[in-house]
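Letters are used for the chains, namely A, B, C, D, E, F, G and H, taken in the order the chains are written, and counting of residues starts over at 1 for each.
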Amino acid sequence: MKSGEIDEHTAVAQLEHLPVENLGFARLDHHRALRCGHPEVVYGAGKTPDQLAVIVPRLAALSPTVLVTRAEPAAFEAVAAAVPDAVYYPTARAIVVDRRQDRAGEGLVAVVAAGTADLPVAEEAMLTASLMGARVEQITDVGVAGIHRLFAVLPTIRAARAVVVVAGMEGALPSVVAGLVSCPVIAVPTSVGYGASFGGLAALLTMLNSCANGIGVVNIDNGFGGGYLAALINARPEDDHA
Amino acid sequence: MKSGEIDEHTAVAQLEHLPVENLGFARLDHHRALRCGHPEVVYGAGKTPDQLAVIVPRLAALSPTVLVTRAEPAAFEAVAAAVPDAVYYPTARAIVVDRRQDRAGEGLVAVVAAGTADLPVAEEAMLTASLMGARVEQITDVGVAGIHRLFAVLPTIRAARAVVVVAGMEGALPSVVAGLVSCPVIAVPTSVGYGASFGGLAALLTMLNSCANGIGVVNIDNGFGGGYLAALINARPEDDHA
Amino acid sequence: MKSGEIDEHTAVAQLEHLPVENLGFARLDHHRALRCGHPEVVYGAGKTPDQLAVIVPRLAALSPTVLVTRAEPAAFEAVAAAVPDAVYYPTARAIVVDRRQDRAGEGLVAVVAAGTADLPVAEEAMLTASLMGARVEQITDVGVAGIHRLFAVLPTIRAARAVVVVAGMEGALPSVVAGLVSCPVIAVPTSVGYGASFGGLAALLTMLNSCANGIGVVNIDNGFGGGYLAALINARPEDDHA
Amino acid sequence: MKSGEIDEHTAVAQLEHLPVENLGFARLDHHRALRCGHPEVVYGAGKTPDQLAVIVPRLAALSPTVLVTRAEPAAFEAVAAAVPDAVYYPTARAIVVDRRQDRAGEGLVAVVAAGTADLPVAEEAMLTASLMGARVEQITDVGVAGIHRLFAVLPTIRAARAVVVVAGMEGALPSVVAGLVSCPVIAVPTSVGYGASFGGLAALLTMLNSCANGIGVVNIDNGFGGGYLAALINARPEDDHA
Amino acid sequence: MKSGEIDEHTAVAQLEHLPVENLGFARLDHHRALRCGHPEVVYGAGKTPDQLAVIVPRLAALSPTVLVTRAEPAAFEAVAAAVPDAVYYPTARAIVVDRRQDRAGEGLVAVVAAGTADLPVAEEAMLTASLMGARVEQITDVGVAGIHRLFAVLPTIRAARAVVVVAGMEGALPSVVAGLVSCPVIAVPTSVGYGASFGGLAALLTMLNSCANGIGVVNIDNGFGGGYLAALINARPEDDHA
Amino acid sequence: MKSGEIDEHTAVAQLEHLPVENLGFARLDHHRALRCGHPEVVYGAGKTPDQLAVIVPRLAALSPTVLVTRAEPAAFEAVAAAVPDAVYYPTARAIVVDRRQDRAGEGLVAVVAAGTADLPVAEEAMLTASLMGARVEQITDVGVAGIHRLFAVLPTIRAARAVVVVAGMEGALPSVVAGLVSCPVIAVPTSVGYGASFGGLAALLTMLNSCANGIGVVNIDNGFGGGYLAALINARPEDDHA
Amino acid sequence: MKSGEIDEHTAVAQLEHLPVENLGFARLDHHRALRCGHPEVVYGAGKTPDQLAVIVPRLAALSPTVLVTRAEPAAFEAVAAAVPDAVYYPTARAIVVDRRQDRAGEGLVAVVAAGTADLPVAEEAMLTASLMGARVEQITDVGVAGIHRLFAVLPTIRAARAVVVVAGMEGALPSVVAGLVSCPVIAVPTSVGYGASFGGLAALLTMLNSCANGIGVVNIDNGFGGGYLAALINARPEDDHA
Amino acid sequence: MKSGEIDEHTAVAQLEHLPVENLGFARLDHHRALRCGHPEVVYGAGKTPDQLAVIVPRLAALSPTVLVTRAEPAAFEAVAAAVPDAVYYPTARAIVVDRRQDRAGEGLVAVVAAGTADLPVAEEAMLTASLMGARVEQITDVGVAGIHRLFAVLPTIRAARAVVVVAGMEGALPSVVAGLVSCPVIAVPTSVGYGASFGGLAALLTMLNSCANGIGVVNIDNGFGGGYLAALINARPEDDHA
């Protein structure tokens, strides 16, 4: 056997003692926050307010930070009844519980939005990265059709450990940004646009085909995913000398 | 009836006296060059060398300029036997007959190619615009991932009456160029790329969704169409005070 | 270095002194109207009435003409409270501020709509071209299935410097028009249709694949883009002898 | 039970006595020609020359006319060894056995091809309609970008009982033709084109979305299907007074 | 010149004397009904009730039959105020004016619907074929998963001169029917279905790829187009001996 | 003739005596339940409450079990007025009539849902399999991103004769499950997701391309189809020694 | 915890002792054949002949049956040098090692191919099912356009425990078959076809949207997957009373 | 103005002094290696051997490491004539010049390939990451259908700062890996597969829709992009305190 493959027993053993709570309609991992220091995250779409009102308080008891994405106001009302310190961000449609004592953040994640209409996705990315411990700067309305607007904010972008670039329509901004910075760029296509944007497909394809280097792409409108990956890159944990 | 609609008789009368020669496999319009001063253009794909060897000399007898696009070397050989002054451009895969006395051209069309691999399409655009009477400048390898390369050539681009921008992969260059010039931009997507470029679809969608103003898009790899439209804009004929 | 590439310093210098106002959710270019004489244009979709009520008066202070596209009536009400001379065009869903003394227009742009249902897009094109200084003529309901209706209006179309052709369903009208005129044709596919029109995709593909010459295509339902490009072609500015 | 539904027994009885010969790799219906007077048709693609050399002579023994579509020259050689009077049409890639005494045909089917490159599909349509008993006229290179070429041949087209219109690229010709004739139009899209024609998809969608009336569409490059349907319409059998 | 091409002058002359009334938002052909004996047809989607209330009475003055497809109840109310004998068919969403003295119809068109949910499209086909002078029989719920239900109605289907087959989901019914009849089959895919039916695309592709002969396909949900083409085939006008 | 083909007469004879009731908008097979022991199933979408109120009682008179899928509450109210013992399952949107004396079920079908939002589809699968005579176990929220949750329930899954795996988003769960069990896996993609899930297309493609063996895929959101196929596999009828 | 979830330790323990041999370019599971009695299967595409010549003999030492799918003749030559009793099936492009003493098979799997061109996929399905212990009957050329051919072979099909239906083009055969049998149907779309078959997509969508019950679909041209799933259903192992 | 936006002048000044060499068919950035310490990378596809033989030696004079991707053997021969120490990696189709004294690498990037056929893409990722200064470990053939194979190598994967996961077919491996590690995962879909994999589209969509967190996706078959992004994350440069 090759090196690194000898600890299969250990790997499996880790898996088999993980505590999981079965609610019937959902299973909660009681170990995840302990392991990672990351927030508990719930995908709100497709869950009823009643289900969320059961899930969120249980997670809030396990972790100092909880994030519910794609939550409608009615869901927030149900959650807030059970978790009074929950906060709702209407632009991002996010419910946040944040009981950390120190929210200053370390490192820097820049979140760049091409246009005003991309703000909901950008704000979701910002909230996510912030809850994961990053310091975050947001920059808006620097689309490629007015390239000088981007130059004005380059120093801020270049100070970041990871840049999240959010863009709809033709989605060309990540290519230009990645050519101007030396850190990883997380490209988030949005469904902003009409006609041949096909719900964000055009922006997604643009980002996947970028001739610039150092770009990773996430799903259309997935601000959470973009913020999460950027914060992971920003975190720089100690190496595990396995 | 509204103004402008009274001359139907005249319009139809123009149509009915147009001379057309029927070769069986093709019909040649003997009036087109007279009317427009444009080259006779033949779409070479799907025509056999034998068919082209019949068509080209007939057109060359009618017009001082003939262009055959998408012609393979075997087609050129057949044509050259009948039209000895025909010239072959292997990069563009074009056969050209050019018997004009003055080829200097008027106005300026700039043809900008994002990468080296886009050159065949760009060269087809250049040949077309040149045969239609434009002065042409070509600029290559100024993709958006290295935006400073574009700035170095901006003065040339800004001097043009129309700019043809040829780009594959993510196809973002027309958006950036259109934000920096004040003349029309003709965007030509190319099939350069792989994977999720889907044969040029990604670049095409990018160009159609551009948030920059003043962009018209043509078909994937349609260098001819891009050069033709740019030259038409460049020509600025006298107004017809109908 | 090749000719035309020597003025990089000048090009960049132009960019770095451009005044930009950062509203947080949007950045306004205070120099654009000065440079171009074009209207300030705002893409209304994805912006709240409150945001538009901030943006439009600032732009109206800088430029005699402002155009907001894809604006709902509620947006107009918010804007009109701040800019009393703003006008709403419900068919085109456009807000217009037009303080020019002379609105007669120069040159001619023809806007041709294939069917009655294409009127909203055609009207957006007309408003745009008119605000950019063109004289505009509109022609409606001349689809290819009744080709004689087109002949009746040919003289008007042939008098134009640029023709905008708006069509949904099979989108074949630009091909026929481009075969009958000698000026550039801007093809605007619309989402009019059902079933296999796939939201305008069918018309878009038809226009991109046209066997007629001199056609540039814009995004589905992008009347603004079609009118803008046509007006740019119509304008014929003095050549810049850079 | 409603009228017309009482003869189920008869319908099924017809089915159960139909003679079928099982060759292992194919089943031959020995009754089809008797019932219809139509040629036996074999789809040649995906069948080996050896298989065709078994199938064709058996069919030729049953029916005076046999058509093999999409047959390569090697297939023809194998077939000709067994059926000496078989004829190969290389443009259409068709093998034909035609032992009818009277090939004059009745009625008229017009086969109209938009361009030279559409000829292989048009020829397949012509052969099919002819073998099915129609008189056929072919017209080529009358694309919509030069609409006057179509007018020159209108009288021929208008004399037909059914028109097959074959077109690639933007595929707009059937719409224009259907607006000018009063008989059914069978639209055959071809894969002629490049880029955003997507192998004939653009032409197919155009034809399906036609705003003209009286058009039926067949598969891309399906000249056989177009000719077959047109000949069926042309035939006008006596009504079955069931 | 080839035979049949000599009458260009006549063809064009027919076009140029056709009376057209321009309403601004629509152009009405005053000659169409005279030429064809077909109903005046208006595509209701995308037209306002006010526009329809102008168009329909003018057409009803010219032709004994008028059909408005895709009309909402509000449109009918506006039309009925101007044309009291207009009738609304809610399943088909059609407005019909029918002032013919003899509505019996000649020949036979069978309209076969695969399932109950396909009835709106089938009814549109029936109304259309009936207004065009055909006798019509409708058969419903004979999908291919219960093939014996089809056999029970075969005699009715076989008596028709043309069969319209309406089917959603997998859309296989036209293939089976075309294998059992000898007349043309018009296949109408519907958007009935979910998931991978992609709004009728699955049924459309099935019908286009049918291995049965004699099938012409129309657009998804285009009951009108299916009924029109079938009635055209059914009509069998005298040959024009041009 | 080959073996097995001699009983054509018998096969057809079975078909022709099948009793079918024609309601005009639907045809009811009165023999199906007798033959199979399966529930009568009605696809509720596209049928009006009135139509269902006619169909369901007739089926309930023929079969002890009736299932209406995709039924809205209004449809249930109409049905319940005619069939008082009908039950509505709102999550699955299903109407069930179950008059069996023994509902215990034989064998075991496991229904595994990747996430909470997949529950409506999973419940439809469960109801279907249960009505068809299977014992059913449901397992929820065991997505592949937390693979240890799946291990906890493996023994239940491995006891089944067939496993239905319901998953949206990336749809990877069936691949992992099929690698861990030895019975057939029925994969049901759901439309749960956003952006590049394209309404379930992503999950569907994942399942079709699985590198695991023993997977059959049904349509997006087709819980009924998944449950039906699993129950059919579970049933293991006696072999028919034809 | 719910029932069935208590044996997580056991499940994981099974996984961690599984012997895997790492060849660098591939990992061989030495336990799989022991557990299942199924053949070792290698996906030949994308593996070099040299790699296969290493893999196959190792697997043949572990299992009495080995199947390599999508293997070119050169691959077979390399394998045969190492495993002299390997057999090549050129139609299916499969390499088979079969050292079982009893190859008679139990139960019955019917493999039905719509057309001659579908035979390669059908043969792959047959080989797979046979190697997995099923008795197999093959039926070819019974497409839906000649439905009587299917009736002739119904008794054979009805005797099977599972039916594999292989079809290209419109892919309608599984729907018809599933309506006539009571066992599961495995639908295998093939890439046979042209034009709008889009490489088998049309057939795939047809099968996924079938209105017949009891159909599971596998990937395009995946004869192996179809045969595997059918054989799994055919096998009916003893229930595991976990 | 907001903080961070004041240094526009500096940003632009950096751009305008960048040395670029114009070869006519390409522009070489002479500053890039100096700025970044990254290898010079050339996209080989679409460049002729002659062009590469000009480009590579110039880059090798500027940077100690040069990588040419997608290079055919003929391209290598041309390059090797000019740069004798260039090395060709045939599996990855890469030309490498590596003149670094220390190639040990820092940090760790794990490159995981789902199957043997994914090796070319994985090797490209490995070469790229290694040239950018990372230590790299490769793991092959751990697809999700045999999940135990993945557990055996988990410790190696968990020791990495970034993991590149390369997978074709259903592309589910990144989801499973991302659920088991806490570092970023770069997902690289490959075109390995057939049928409904649509050239890698299925794997791409799977990865974009992953329900696991911390995944960035690159283009299909873009091993270079995956390796580049992983190495960028691995590098962890000092923060720029702008």
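The definition used in the following text is that a contact is a pair of C-beta atoms (placed from the backbone, for glycine too) under 8 Å apart; a residue touches a chain by one contact, two chains touch by 3 or more.
No experiment lies behind these values; they were computed from the predicted model shown.
Asker: Check every other chain and keep only those touching both chain C and chain H; list them.
Answerer: Chains that touch both chain C and chain H, as defined above, are A, B.
Asker: Of the chain pairs F-H and A-C, which one is connected by the greater count of C-beta contacts?
Answerer: Spelling it out, more C-beta pairs touch across F-H than across the other pair.
Asker: How would the chain C/chain E interface be labelled, same or different, where same requires over half of its residue numbers to be shared?
Answerer: Different, since under half the interface numbering is common to both chains.
Asker: Go ahead and note the Å separation of the Cα centroids belonging to chain E and chain G.
Answerer: 45
Asker: Taking each chain's centre as the mean position of its Cα atoms, how many Å separate chain A from chain F?
Answerer: Chain A and chain F have C-alpha centres separated by 37 Å.
Asker: Just how far, in Å, is the C-alpha centre of chain F from the one of chain B?
Answerer: 57
Asker: Give the residues of chain H that touch two or more other chains, as numbers and ranges in rising order.
Answerer: 1, 5, 8, 12, 15-16, 22, 43, 115, 146-147, 151-152, 195-197, 201, 204, 208-209, 211, 213, 219-220
Asker: Which chain H residues qualify as touching chain A in the complex?
Answerer: 1, 3-8, 10-12, 15, 35-36, 38, 41, 43, 107-108, 137, 151-156, 158-159, 161, 182-184, 186, 204, 208-209, 211, 213-220, 225, 228-229, 232-233, 236-237, 239-242
Asker: State the interface residues of chain D toward chain G in the complex, per the touch definition above.
Answerer: 15-16, 18, 20, 22, 24-27, 29, 43, 45-47, 51, 70, 189, 191, 199-201, 204, 219-222
Asker: With touch defined as at the start, can you tell me which chain G residues reach chain D in the complex?
Answerer: So the residues of chain G in touch with chain D come to 115-119, 140-142, 146-149, 151-152, 192, 194-197.
Asker: Touching chain E in the complex: which residues of chain G?
Answerer: For this pair, the touching residues of chain G are 114-115, 143-147, 169-172, 175-176, 178-180, 193, 195-198, 201-203, 205-213.
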